Every structure is written in C-alpha cells, then in structure tokens.
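In what comes next, chain A is part of two complexes: it sits with chain B in the first one and with chain C in the second one.
Showing the complex of A and B:
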C-alpha cells in the first residue's frame, strides 16, 4: 500500500492514464460521434511507426537519427551566433545607458515576435537550405541572451567594482576577474533559454522553408496525412527535448558550478530560471 | 580687495546644492537616453528602407513605406476587421480554457501524489514546441473549432500551472497558522491572505501565457483554418506577396503588443496598487 501512495508511482501511472484516455476516446468517437475528427491515430499504429523509425525503416527521405542530427547542427550554429552577438550587445547595454536606450525597444520587439512570422518571412526571403533556419534560431534566441547578460552586468556586486578601482586594477583585468565570474549564472540561464527557444524557432522554420530536418519531416508526415507519423514524430520531439534540457544541461551545470558548494548547482540555475521568469518580458521560453 | 569685501561677494553668489547636481545629472541622462532611443529607430528603419532597394530585391524585403501603403490598401478593402475578430475570439476562448486548466492542475498539484502524477505532463507542456500541438490537432481535427483551442490549452496550461504551483508552495505558513489560531473564517482567510499572495504568481502566469497563446492561435490558423490572421498570412506566403504578408503580421503584432503591454500592465498596476502603497508608507 505504501508503494501505491508514493509520488513515484503517480509519475509512472501518468503515461498509463494517457494511454487509457487515448483508447477510451477512440472507442467513444468511433461509436458515438464519428464526425468529431478527421483522422484518428491508434496507439498500435503509433507504436509500430516508432519501432520502424528506430530500426531505420522509413518512407521519409531521411531516417529519424539523420533528421534530428541535421536539425541539431543548425541549432548549434545559430545558438553560437546568438550567444556571441547577444553577449556583446548585452554587455554594451548593461554598461552604457545610451546603448541601452538604443537597443531596448528593438530587443523587446524581437522578443515578442512570433516564431511563425520569422519562419515565413525567412522562407520567402532565403528559400530552402540552411541559412533560413539558422537566422531564425539567432533571432529567437538573441533577445534572451541580451536580456540575461544585461541583468547579469547590472547585478554584479558594486563593492567588487569599487574595490578593484581602489586597488587600481586595470579595466581588462577587472572585466575578467570581477565581471565575468558573476556573469556566469546569467550566461548559463541565457544559454539554456536561448537553446530551448532556438529549438522551437528552428522547428517552425524548417516546416515552412526546408527540405530536411525535424520540422520538415513532421510536415512531411502531415502532408501525407499519416496521423501516426505525426504523433510518432511528436513523441521523438518530446524525447529529444527532455534529453537535452534535463540531462545535458543539468550535467554541465553540475560541473560549471562546482565552485559553489553552498547550493547545489542545479538549484543555482533553477533559481536563476525561476527568478528570471517574473522579471523578464514575455517568454515563450516555454511554448513559443 | 579687503577681506570684508570678498566675504560680501561670497554671500551674494548663488549656491549650488547637491540636489541641483543630481537634477542636472538626471536631465543629462534623460537627454542622452532619448537621443539614443530615437537614433535606434532612425538607424533600424533607415537601414531597412535602404536595404530594401539596394541590398535585397524589393520583392524579398519590402521597405517600411511599402508596408504602410499596403496596409492602407488592405484596410480600404475591409478584410481586416473580420480576420482580426476571428483570431481574437479564438484567443479569448482558448486562453480562458488554458487558464482554467492551468489553475486547476496547479491547485491539484498541492498534493504530493498528484504532483508526481502531473509532473511529466507539465514538463512535456513546457518543452514541446507549440508547432507540434498545432500539427497534431490540425491533422486530427482538420478545420474544426476544437483544433486551435486544444492546441492552445496544451501549449499554455503548463506555464500557468508552474506559476500557480510555485505560488502555493510559497504560501506564508505562519500567517495561515495565525489565522487558524485566531479562528478567522476560511473565506476571509482566502480573501486576505491566500489570494493576495497568489495574485502576483497568477499574474505572471497570465502574462506569459497570453503572449504564448496568441502566437499558437495564429500558428494553428496557418494550417487549419479558413479565416483569421494566420490564414491570411498563409495565403500571402503561397502567393509570394511579402508586402501583404508583412502588413498582416505587423498589424496583428502591434495589436498583440498593445494588449500585452498596455492592457495587461495597466491591470497589473491596478491590482498591485496596495503593494506600492505599502512601500510608499
């Protein structure tokens, strides 16, 4: 009885509940109201589809592993550009009121623009290929990097700056030893957010302007009206996102924040994550 | 000059107080800020206008002036209000649903067992791109009303749930214990303690959730609708009319920004008057 009451059982029970709900809905729709839906994917079809894909047996031009690898490469390049450019602009905005005034309205504007708009525009302006999706990744991720870096600069403890000035430490040394270390948690939050958001933007960009990649393949199955393909690929997406967000970033966080023994590393980033949310302008970090 | 003469002159000179210096610095900051802010607009719009003819073909990058004239044309044709209305009504209904679901799940997650149960649902809700839900509902529900609504709920509920959950976790236990000790009724306790405490969390959820909801509605309309902003955008894309496309998205984007910044922020300020009153006192 104790086992049944533990939260872990609840967590394992959830997929079971989803499956049951799915099967019940299929029965209900088939017998009560067939016109409620156009196509009805069945769990067995989806399971077969997923198994086939994993065995590299697919109708799509590329199999699931190649597809996600193509998308990952684009995401990586765009993310690096966003981090580099964003950090420079963020530093400038944090250190100078003029720079802040210059860029601020545009950062807000880019932040609030839906991925769809970038994706459609870029697909028309740049056609197929890698450029379009990479540009969308940069545009989606850069506002977050800028905002986080700017907050990081503003949140550096003033006393350290005063101290380095009184000890006549040079500008470059001050930046390296005072600014950069206290910027680390913010950079980490920036990296994590921009990666997650960039991924979402990339997928939309690939749907409209690509001939390969995860987003395009999803659209491939949608155009082929194979509901089990669409749901199956959605499953791959969820697994991919969970693997990357939870495992990769958490392990990196543990190593980067070894020097902070008081809090666990994950807590530091989670703190930043949570703390940023109320103060930041709209997100989507989540679902954008 | 005798000593007394200099002393007299010293008394008639205007004295510069510390306040004056602060005021002067603030005024200088304000000018600098406004100058650079305007320069930002001038630079971006100027580069855009310049790039339109010279760096990229006019069809691929319509200039700001072209977008404005297209806007006037489309407005004159009269299609805009109906498209806006279709999209806005979907957003209203969809977001209301997401709010209810998100709030319910967040409240349910107080219980540890239910927290474990919903944990993965929230995780998937937050990490899955909205496009996925849009495509799934589009293929299952086709053109029906249910499609965009379900997609919005699935995309936004998690954000509201997380905020409500955090708010409930952070409820000030000491105040609640105190109210129980003084036998304050449940209703009064909720009104005076629980709701004011939860209000900022719920509000954050609403703000972020709304910004996501309108984007997902427009996205689903691209795939599975015959009315609305998203539909108009898809039509413009298929006809390769970038200027029309830009006009629609910019028009809607301005409206959405207006709703987010002006409307929601005003409501927030109204709600949290009492907090600022406290700090002022």
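Showing the complex of A and C:
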C-alpha cells in the first residue's frame, strides 16, 4: 500500500493514465468514424516523430533545437523588459496614489486583451522577425509583474521598518535587508506568471506573424496535415515548461527562500483524515 | 548611561468630539544607571510614550531630550514581538543594527549571543527558533549596540511564565553588569517591582499619576514581603483613580 500511495508513483501514473486514455479513445472513435485514422495520431506515430526531431531529422526548415532557441531568445528579451519596466511601474503604483490612479485603468485594459489581438496588431505593424513577438511577450507579461510588485509594496512589513528606524539603520541597508527580501515572494510570482504567460503570447505571435520559432513550426505541421507533428510539438512545449519550472525557478526559489520553516503540507492534511483515534475503550471499561 | 528629560509632552489623535488624548502633559526626568518601569493598563499611552522617546512617532507638543555627555545617545529597543528579519541568520540580525562589519564588532555580537545562551545558534534562521529564543535574540541585539539607553516594550508579555521568569533574571544580570539606563514598559505590576529602582505609574488617558522609588536590595523574589507591599501600593493607586473617575 505504501508504495502504491507514494507521491512518486502518482506522478508516474499520470502519464500512463493519459496514454491509456489516448489509446482507448482512438479505438472508440475509429469504431464510430473509420476515417478518423488520418486526423488522430497514434501514440506510436507521435513517439516516432519526437524521436526523429531529436535526431535532427525533420521536414521543417529548422529542427526542434534551433526552433526553441529562436523562441527562447525572444521570450528571454521580452521577459526581461517586462520584469524591468513592470517592476518600476509596480513600485510607483504601490508607493504613490497618483501613480496608481494614472496607470490602473491601463493595466486592467492590457490584462483584458486576448493575446491574439496583440499578435495580429504587431504582425501588421512589424511584419516578420523578432520585434513583433518580443513586444507581444512584454504586453502579455507586464500586467502580472505590475500587479504582483504593487501588492508586494503594499504588504511590506511595517514593524520591521520601525525596528530598523529605531536602531537608526541607514536607508541603503534598510532597502537591501528589509525591503528587497520582503518583495521576493511577489517578485517570484511576477517572474513565474510573466514567463508562463509571455510564452503563450509568444507562440500566438509566431503563428500569426512569423516565419520561424516554436509557434510558427507548430502551424507548419498543421498546414502539412501532420497531426503527429502538432501533438509532438505540444509535447515539446510541455517538456520546455517543466524544465524551466523545475530546474530554473524551483532551484532558485529553494535558495532564496531557504529561511522558511519547511512544511510538508500534503502529509499534514492526510494525517488529519487518516490518523488513528486514541482508544478510549479500555479506560471506559476500567472506570466501570 | 543617559539622561532623559521630557517636558510637557502631549500627544493626541483626531479633532473635536472624536479626539483621543494618548499622552496628557507628561513631564519626567530619568538619569544614570537606573532601571525605570512604566506601568499602566492597556491603552494608557505607555507604548506611545516609548515610540516618541525612540523617534518612531512625533508628539503633538512638548520636548524630549536624550543626552549623554552632550551628544545624542544611540538607543537600543526590544519589542513585544522579537521583530527579527526572518530571512537573515541570527548573527546577521545582530550585525544588521551595527555601525560597521569589522571582526571586532562580530566578536562583540558573538559575546552577547553567548550571554543569552544562544552562542551556538548564530547560523540559524529565526524560523528555526522558539518564541523565547527569538526574544532572547532581540535582547542580545539591543544590548549588542551597547546603547546608552535601552527601551523595552513589554518584551516578555508574549512568553510563558517560566521562560519569562528566567529571561527576567538574565535581563537583570545584564543590566547590573552593563551600567546603562533602561526604560521598561509593562502592564505587569509584579514584573515592574521585581526589576526596577523606580516605577512610573500611568493611568488611562496618558496621565502620569505616580512616581515610586523601589529601594529594595537585589535580587528580589516575588514572594518577598517588601515586594508585595510595593505592589500593593501601586494597585491601591489604580483603585483610588477608579473611584475618582467613575
């Protein structure tokens, strides 16, 4: 029972469950509509496609590594701009009522725009190349940076600033050791959201206004009527996201937040439901 | 050691009918190697007074002068909640309030950590320590800047009675050794009598109503008759005031 219920087993079981569901669905749908064989890729076809791509054997103009590198560069530049500009605006909005009133409606408006609208507009304005996609990354990511940084400023620990002031600690020391660390959780949230959402915006921008990159390549496979290519690239997207989340953000977060008392939350919740109740029966009997 | 002179200190919030007087024309003078307690019920203005003395708040009117040999004295402050930087180690927390980062300063910080029996906890984060330990770090931090005057705002009120008792003893020994002025705010009359040479009694509305010398020898035990007599005197003062006001 122990092995079956461990978190690792559950994690491995999920892809297995997906695979089983996939195979079963294809069988069922083919019974209903035999012509679906061209549209629905089998897991084996996707697996072969992925394997070919990894060996640089592809029909697309660029292989999977070049493609993702092109997209990653755009995402990186756009993300840096979103973080830099967004942090400045967020700080201003958090510290000044005037700045907040000035920017607030624009932040809400930008947040409400679908990625597609940005993608179409920049492709008309900038055509092919890097500028358009980078701008879309900035526009999709920046509202999240602004909102999170503003919350960070609003949630600064007043009592620690008072402590610092009562000991006559200098402004620069206070900024470095009190303000910046207190903003870290919010900066991390800003970074994660703007990265994930920027990526989505980038892919849409590349589909509609590019001639290279991960989004454009996925559309290439769609145009070529190769469903296994589309699904295969979706798989690459997932791997890309997981790699960044686990190996980049998580690793940095562990270092930056190592001072937090560790909690194994899952175990705590399970214990609430599973823990053995103390047996009162013997005492009751003895008292009789 | 420092001299603290307060003249006509007045602090109020709001205007008209909603006006709240936190401190009413307070005048006092504290000087030398003394342990002064400020005692009063919750809301009597004692924390406000401390905030004004340390510069966190400004008075509505009146003056505060804290001096030692003619220059501004550097204060130490111990808070009700330890107020440690959770993202820095214990040693870094002490170093944060120092003037420089020299090895001599670091050694001094280590000495004060040893004094509160946390010498081996320098590399731990506050989240890894118990409430009592965190408060001791706060005390070590305040003492480590070797201030002329030490302000303490109900530092033991959040701790259990046993831990508080042992910390009171530690505090008394550190004060006796260090020869500085301590201003100690508390609502616990017994604690005030146990630790101080002098007790300033505050009543609701920020009024200074009594100024008592406690001239008993140290160390004092709560069970001592003289201690009980001093306590009784203070409680009687509060009862008198209740009769007058109501």
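One rule holds for everything that comes next: the second predicted complex is superposed on the first by the 223 of 288 C-alpha atoms of A that agree within 3 Å, B and C clash if a C-alpha of one lies under 4 Å from a C-alpha of the other, contacts with A are read in each partner's own complex, and residues count from 1 in each chain.
FYI, a residue touches a chain if its C-beta (ideal position, glycine included) is under 8 Å from a C-beta of that chain, and two chains touch if they have at least 3 such contacts.
All figures in this text were calculated on a predicted structure; none of them were measured in a lab.
By the document's definition of touching, neither partner reaches A:63: not chain B, not chain C.
Once chain A of one complex is fitted onto chain A of the other, the partner contacts of A:163 are limited to chain C, with no touch recorded for chain B. Once the two structures are superposed, chain B and chain C can be ranked by residues of chain A touched, with B on top. Using the contact criterion defined above for the overlaid structures, shared-chain residue A:241 touches chain B, although it does not reach chain C.
Contacts of A:181 after superposition: chain C is touched, whereas chain B is not reached. In the superposition on chain A, A:131 makes contact with neither chain B nor chain C.
Of the two partner chains, chain B is the only one touched by A:231; chain C is not. In the superposition on chain A, A:103 makes contact with chain B only, not with chain C.
Those residues of chain C lying in contact with chain A across their complex are 54-56, 74-77, 79, 81, 83, 85-88, 96-97, 125-128, 145, 151. Considering their complex, residues 159-160, 162-169, 173, 177-178, 181, 184, 258-261 of chain A touch chain C.
Touching chain A in their complex are the following residues of chain B: 29, 32-37, 39-41, 43-44, 56, 60-61, 112-121, 123-132, 135-136, 138-142, 144, 146, 155-156, 158-159, 163, 166, 200, 204, 207-208, 211-212, 214-216, 218-219, 222-223, 230, 233, 237, 240, 242, 245-246, 249, 253, 256-257, 260.
Residues 5-11, 13-15, 17, 36-41, 97-106, 109, 112-117, 120-121, 123-125, 196, 199-200, 203-204, 207-208, 215, 218-219, 222, 225, 227, 230-231, 234, 237-238, 241-242, 245, 274, 277-278, 282-284, 286-288 of chain A are the ones touching chain B in the complex.
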